[in-house]
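Here the structure comes first, spelled out in structure tokens, and everything after it is commentary.
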Amino acid sequence: MSRFPVPPREELPAELRGRFAAVEERSGFLPNVFAALSRRPAEATAFFDLHDALMDKETPGLSKADRETIVVATSAANDCLYCVVAHGAILRIRARDPYLADQVAVDWRKAPLPPRMHAVLEVAVRLATAPVEVTPADLAGLREHGLTEDDVWDVGAIVSLFALSNRLAHWAAIPPNDEFYLMGRVARA
Amino acid sequence: MSRFPVPPREELPAELRGRFAAVEERSGFLPNVFAALSRRPAEATAFFDLHDALMDKETPGLSKADRETIVVATSAANDCLYCVVAHGAILRIRARDPYLADQVAVDWRKAPLPPRMHAVLEVAVRLATAPVEVTPADLAGLREHGLTEDDVWDVGAIVSLFALSNRLAHWAAIPPNDEFYLMGRVARA
Amino acid sequence: MSRFPVPPREELPAELRGRFAAVEERSGFLPNVFAALSRRPAEATAFFDLHDALMDKETPGLSKADRETIVVATSAANDCLYCVVAHGAILRIRARDPYLADQVAVDWRKAPLPPRMHAVLEVAVRLATAPVEVTPADLAGLREHGLTEDDVWDVGAIVSLFALSNRLAHWAAIPPNDEFYLMGRVARA
Amino acid sequence: MSRFPVPPREELPAELRGRFAAVEERSGFLPNVFAALSRRPAEATAFFDLHDALMDKETPGLSKADRETIVVATSAANDCLYCVVAHGAILRIRARDPYLADQVAVDWRKAPLPPRMHAVLEVAVRLATAPVEVTPADLAGLREHGLTEDDVWDVGAIVSLFALSNRLAHWAAIPPNDEFYLMGRVARA
Amino acid sequence: MSRFPVPPREELPAELRGRFAAVEERSGFLPNVFAALSRRPAEATAFFDLHDALMDKETPGLSKADRETIVVATSAANDCLYCVVAHGAILRIRARDPYLADQVAVDWRKAPLPPRMHAVLEVAVRLATAPVEVTPADLAGLREHGLTEDDVWDVGAIVSLFALSNRLAHWAAIPPNDEFYLMGRVARA
Amino acid sequence: MSRFPVPPREELPAELRGRFAAVEERSGFLPNVFAALSRRPAEATAFFDLHDALMDKETPGLSKADRETIVVATSAANDCLYCVVAHGAILRIRARDPYLADQVAVDWRKAPLPPRMHAVLEVAVRLATAPVEVTPADLAGLREHGLTEDDVWDVGAIVSLFALSNRLAHWAAIPPNDEFYLMGRVARA
């Protein structure tokens, strides 16, 4: 589940155990990234706080599905299997689209997305792969597509968070849970 | 100080105001990254928690100066002025060396560092710039240079944290405080 | 189905219509690349002849699943949605593994493959992305992993064929059929 | 002539022997690529069929010389000695210009070509080296320079064919015949 | 001072000894590049002649400080510690700005420079790192910013000279003199 | 002959006119780089002094032909038509080989050169394209192939000089003289 030993669940601080239990109840399983990071409770807590502050938010300019789309596109640019598969699953569910995640992961430029999201992904991938080349005009362009100042901050902060997350997942070689591969691909009965 | 508006200090949550006051007292000024992030108190708190968990630590295999060296080398690879200048200042002070930070920022390969730190920087810069190319042998090699399993985790986590930090600083165009440029370059009387 | 007009099926030469009917019967649908290329019957015939000569072959050193693995890894290096999704489906079926195709597409270096296939993919991706850097030692290394001289030729020829195929799919913007996304992911009743 | 054994000419299928004899009579020698590929008659036949369908064609928007220009520029981008030298020779002859092939191979951007061909080469080299970055506007731009829809297809198909051909030549290390180096450089008496 | 032996000062030709004495008197120390190159008096003389012809010149379109700015930006793109530190020092003095050199070295795109110099640096860094991509429009653009034809020549010639200089400094591993690191950072009493 | 005006020959300083006359007599024509640089007599003199000091030298470890081979390989890496064609011609003559220049320009890795020259070119091209990646082991490796300390200096200095020369030729768009294209390709009667 990681290149680094993972402590037994019962030895974790209560706060973290509570958070894990809640995720597990919601998802039906505990995503491997939780277990892998639990080796460092303070870091894990900070990481999940950052994650929730940026991803559990729905605004007119940047829906939850849009946020997952940013994660999938930039994580694919970083070749991160964990994030592409896990957030690809969440994207399929949020967007109610069984194809979009693969389309975004392999070639976001041709993905069937609105012009607003094409503009977002172009700047997001630039920040992920060549951050020094981001210009003031890039941020201004997002405003013209209807993103608020807070949405623009979120685009940059989400890309930045997953720049961290992708590298941790590579470093510890965290694999996605098997469950993620199929989630959102077949209609529920 | 940032491309995004910064809230007045007195409107911040007490916890953050306390943290800022402590930093200010220790450094003599408030580094711009604190003000820039204060726009989002929850994100700021998580970020500084992560930072302190990884950077305020001294181990036989990875001293505080070594940790700053990793930050300077990878932030230079990301062309991040804020982190190169601010953490370059801290590196000069921690290492008591007025030259090392510039040497590491411009060409870490020729910097006068021990073989252990050359091995650390080679893997750290790889994780920063081409994370998919990090191999199990890279991590094993660090163990052979005397890093513990926890030190190895820290190398990866520090690089990951500054992958985030460098991108936020580019996104918000956070400039280093003037004070950092000279810190640690001249002997104190 | 393509940026270029596709001729009506009944106007195609008999040979091609026969080939299409056979594929359709075997797969249950006609993969879009057939329709897209049918605009140029001579080119289509040559392309499918080349394809079948290289892919419909099972040898001890390079099984059909191995051949699809090469296609998925190098097509992902070329960001080709059509080939990643269509040949990913075939790989899942050939390898009877619902996870392998995504693992190979996003990060073949960490995919659970035998050393032989890791050696094959390293050289194959090099030929796909930096062909001038392939060395005689690269080919000799494949022999040491048990590939015959014919298998080694096939590795190079498969990579070369999909260098062509990936670019045609990008040029004409050929989308994968919806059917491919789910194929091989769920156990048949 | 190749890293792989080449079968004796008399053992080849009659169809291929006939094709080789025709080429030899026309050129005065058999280009090495024919011998190298003859190891695999079905693949060789398909390859030469594809080649002839795309290269032996003269249209107002894309002359035979223009087609060779595309081959030289993209093969140079792939560092393929065989294709640069052999098709450079053909380009000199087709364009009746002893300098153009070297100019296109080393720096097509400054080569003395009409704006139409500069537009073609810019898109062709992009498809050769970064296929995911080709946009619908790239193809539309070629139409504005007078290329028909079929010419545009041919640009993409030629680049794709030589993406294959360059890689096969690298893989098998096929050298150009000595004759090609001088062809078209000196006026015939 | 260099990976190559440096001859004793008194064995140098009189012309070179005179030049070194003059530099030493002006700067207070002899920059290491002089000693390192003195191994080859003819090459050293030619190099310093070229340097002085291009750098000791003040024009309305390209001041001495502007010329040093070009050197710092392109030398940073080449990761050359000697030139970044030594010419960074000269830039601080010429521009009477203790911050500019570090800003230009790490991220010239965000450095507080006039539009004219942003245009100069964009083209200069392109010539340094991807010379084939320089276009006639790049040179024309500099004229529109007020550079004369001679200034434009100088931009190209300065970048070219330091393309040489950066590589010699890497090859011989010439370190900057300690004095350069602090020069121009503190106001003189 | 250049993007910049070239002064009439008779207005040049006597020293330069003498040098040009000597070259012209030896070669039968004046290479365009002389005329293009004559716009700046002091720079031209320094450049040709540097050139002659490094290129007109024959040592057991690095013959004149070897030096031209370095120029052709690194100039090709910089896509410099002038230097590839002009020095390609000189290489054909020095090496008495009508094929070698094209082989080195397009793919030096497969060129029929001795191991010593393969080692030289690998390090030379690294210095030309990624100078920070040159290591002490690279220089030591050349000594093991029989190069003296002075030969090793020359390898670095030649690469550095043509890093300059290639960029000046791109900046001024200096075309090779027509004569160079054919020189050394046909046996003299």
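Which chain is which? They are A, B, C, D, E and F, in the order written, and residues in each are numbered from 1.
By definition in this document, a contact is a pair of C-beta atoms (placed from the backbone, for glycine too) under 8 Å apart; a residue touches a chain by one contact, two chains touch by 3 or more.
Since we're looking at a predicted model, the values are computed, not measured.
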item	value
Shared interface partners, meaning chains that touch subunit A and subunit F	B, C, D, E
Chain hops separating subunit E from subunit C, counting only touching neighbours	2
Copy-to-copy rotation for subunit B and subunit D - C-alpha atoms, rounded to a multiple of 5°	180
Pair sharing more residue contacts (C-beta pairs) when C-F is set against E-F	E-F
Farthest-lying chain, centroid of Cα atoms versus that of subunit A	F
Greatest separation from subunit E - chain, by CA centre	C
Distance between the centres, which are taken as Cα means, of subunit C and subunit A, whole angstrom	29
Chain centre separation in whole Å, for subunit E relative to subunit D (CA means)	44
Averaged-CA centre spacing for the pair subunit D and subunit C, given as whole angstrom	24
Sites on subunit E at which at least two other chains make contact	79-80, 107, 132, 173
Overall pattern in which the protein chains touch one another (line/ring/star/complete/other)	other
Listing of all chain pairs that touch each other, if any do	A-B, A-C, A-D, A-E, B-C, B-E, B-F, C-D, C-F, D-E, D-F, E-F
Subunit B-facing residues of subunit E, complex	76, 79-81, 84-85, 98-99, 102-103, 105-107, 110, 173, 175, 178, 181-182, 185-186
Residue ranges of subunit F touching subunit C (in the complex, touch as defined)	107, 109
Of all residues in subunit B, those that touch subunit A in their complex	3-5, 39-40, 42-43, 45-47, 49-50, 53-54, 78-80, 127-128, 131-132, 134, 136, 139, 149, 152-153, 156-157, 159-161, 163-168, 170-173
Contact footprint of subunit F on subunit C as seen in their complex	132-133, 135
